[in-house]
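Once you scroll down, you'll see the structures, which are given as structure tokens.
Look at the two complexes coming up: chain A is in both, with chain B in one and chain C in the other.
And now, the complex of A and B:
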């Protein structure tokens, strides 16, 4: 067990998740580039969110992998990992399609940083979790279904 | 094998229990069932989902166990005659009784009760004697399901499993005693006894650190055998999350592959998984993860006579499921030569209590455990005229009694009771004691509730639970049966998608209105802080009042859209 690591983090409660990870040395304190306008995060429904992001028809890509639970243990904190092996990945956005405001996060990458993010998102309902990757001025996408259930009644 | 004296004892027991004996020869044939000639050099015994049943009981297998999509018509979704035909089991035999619901009450009176740890211990010891070095694996759901397990905070089962000689275990319901209690048992009782508790898919919710050992490697007769643990992946969803707030579960195929590869790299010649995934999930996992020789599965309580053989990218994996309630003991023999499995044999042995004399030490331990509670356990609540059981995709008769009790005592329009697959069976004429009632209800979150729900909410709940059972993708299934419903009739199409499986919801002859509010009673809420009279008190009050259970009117849904399905009798 990483008791030390956990204790260090306890001292950092109250800070945001990214700040905590930075404090723990898990993330290099690289600048987080926000390429997408703020309004996109407030857009309701997938169509408006995509429009606000300035994304028209991203191509489906097998070079994007999304790791997320098949069934969420807690819809309020769903762990999601996105890996893009597309050369020149400069942005990864995450959308929970059935959320009232689907755009959840946008990460920017510079200087050839590896296209990998790991975060937690909030989901209202069972939904596709979609990643949109920007690379070389083009957009690519992949999605995975995450089920949010009312629970109980098992076994 | 049984000596002459033991054989005569069995005959005496059989005669005393009113067993229909055609001849002594017939019984001798039954006894041969336990005379398994040794095969190979590596043997693993497997028990699972005993649900804390220390004493012999009756347990009826389902007559409805529907498989959807690719699972249709394949094990474990075969019931009754379909199962017998598939495995070549002769109808009307002791074996047919063990694996099916057919003529259950008649056959149960003939062949007697099943399971019981004192009888199981005798069988385990015999297998060990014929197979030196063999291990006993316990697939979990061991600490929960009886009055004494609940009242001793699982200590009775912990002691009984250590006495039984369990070597390796993985969990599910164990977690409902709370993370601290689980850790206490693993780090004290089990550590002292040398019992390994393995679970590759339980990690800390913050950093994903392993909470338990993912696997162990045991040397059996010179062969290194890795046993990887797979806990029930949906524990914090199907059971209260607040009981294990800091742990995360999930199926975790990629990590499974990593541990299997690591075990091989460390010199394991045989790699098996001790799994609480449920059989459909195991079958899918076996097709995706390579390098596993066998998955010993549980959770879905399927008594599957022979393993399924699943092909994957690099070979073949055997997938077993060993039933429930102490009714079966699986015995897998591997013939390992030059570091590879050259052959295997498997037998799922039914544990017929009348054929296996009690182990005296285990019998004494069970007596000691029960002694402080005897008067409470033996309280006679009612007598049943009907045959009472739970297991099956939809309402069983004992569920119906619970629903009727909830609606009457709580003054509700409708009631929900969880689709648990545990819960023993009672024959017509049997007394319902508190002991038997606790078999159906003994959980650590027993509060009953009464809520106002709109018709729309009721429909959403039914759809949600139904999708956990009939989702086409096994990885989205949770392995329980459909929530039991009292008061409301409905139609179900298992092959439809979520949102359109449930239709024609009716209450007292009128359609259930989406906007109208109904009073719905229930129990086993997974929400933190649910409070209310424990379910056993509600049902006990009802039983003491009515005294006799008349033939039960089962509220079964109308099942449509299936066509021919051998999971439906």
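And now, the complex of A and C:
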């Protein structure tokens, strides 16, 4: 256990995400996002959700494209498609910034799966839809605003 | 037992395009029943796993923020026509479902 912990720390110097996770008492395995704790899905507000995910300060990236409607008439079903052309993309997380619990879903890719995910999410309010991409131990982000005319949470 | 998923997998060049439609209410636990005024208990898928010929390609976690009857689309490079795609999910009540489809 201690040896593993040391290796993780050694292998990830400079990865603020891991440092935060360790500081929070969570030992993060190799792929940070795949192992994001279940509590991240219950974290309220963006700051807490990011903290629970162990993501410190992801860099903005133009290589992430988010396809979502500019105006969603029904917040209960908002189609979102995230494509990452960053080499070595291993994970994509989707967050709706103004939802009560912003983290919506997280996906990890391996064995030939491309940095692409398409799904449908619920949005409480007009807000940014943010994608957080993990590639080669670093995190990148991009966001797109979606205007919601009827909220999808709380009915 | 949960309703079966619909899985469609097609080859687009050298990439398999997989589309999955799951049947699940995806209750957040924050919604109130219109008649009783009581909160509807949370009931949503927690984890999703996809395999091609037994090898894991996608591992997902989700919560009540994903729409009812979740849709999932993903792409797998290196898969071939005739390969088997297996998708499984497990929800917060311990219910599970696994379905398979052939890549066409």
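Throughout what follows, the second predicted complex is superposed on the first by the 114 of 155 C-alpha atoms of A that agree within 3 Å, B and C clash if a C-alpha of one lies under 4 Å from a C-alpha of the other, contacts with A are read in each partner's own complex, and residues count from 1 in each chain.
We take it that a residue touches a chain if its C-beta (ideal position, glycine included) is under 8 Å from a C-beta of that chain, and two chains touch if they have at least 3 such contacts.
Just so it is clear, the structure is predicted and the values come from calculations on it, not from any experiment.
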Classify the contacts of A:108 with the two partner chains as first (chain B alone), second (chain C alone), both, or neither. second
Now for A:149: first (chain B), second (chain C), both, or neither, which partner does it touch? first
Which superposed partner A:38 touches (first chain B, second chain C, both, neither): second
Is the number of chain A residues in contact higher for chain B or for chain C? C
For A:70, using the defined touch cut-off, is the partner it touches chain B, chain C, both, or neither? Pick first, second, both or neither. first
What residues on chain A does chain C touch that chain B touches too? 79, 152-155
Residues of chain A defined as touching chain B within the complex: 1-2, 5-6, 9, 67, 69-74, 79, 126, 147, 149-155
Can you check the complex and tell me which residues of chain C touch chain A? 15, 19, 28, 30-32, 34, 46, 50, 52, 55-68, 70-79
Within the complex, chain A is touched by chain B residues 141, 172-173, 204, 206-207, 209, 232, 234, 236-239, 241, 248-251, 254, 299, 418-422, 460-461, 464-465, 467-468, 473, 475-476, 478-480, 483, 498, 524-526
Residues of chain A defined as touching chain C within the complex: 34, 36, 38, 41-42, 76-79, 81, 96, 99-114, 116-122, 152-155
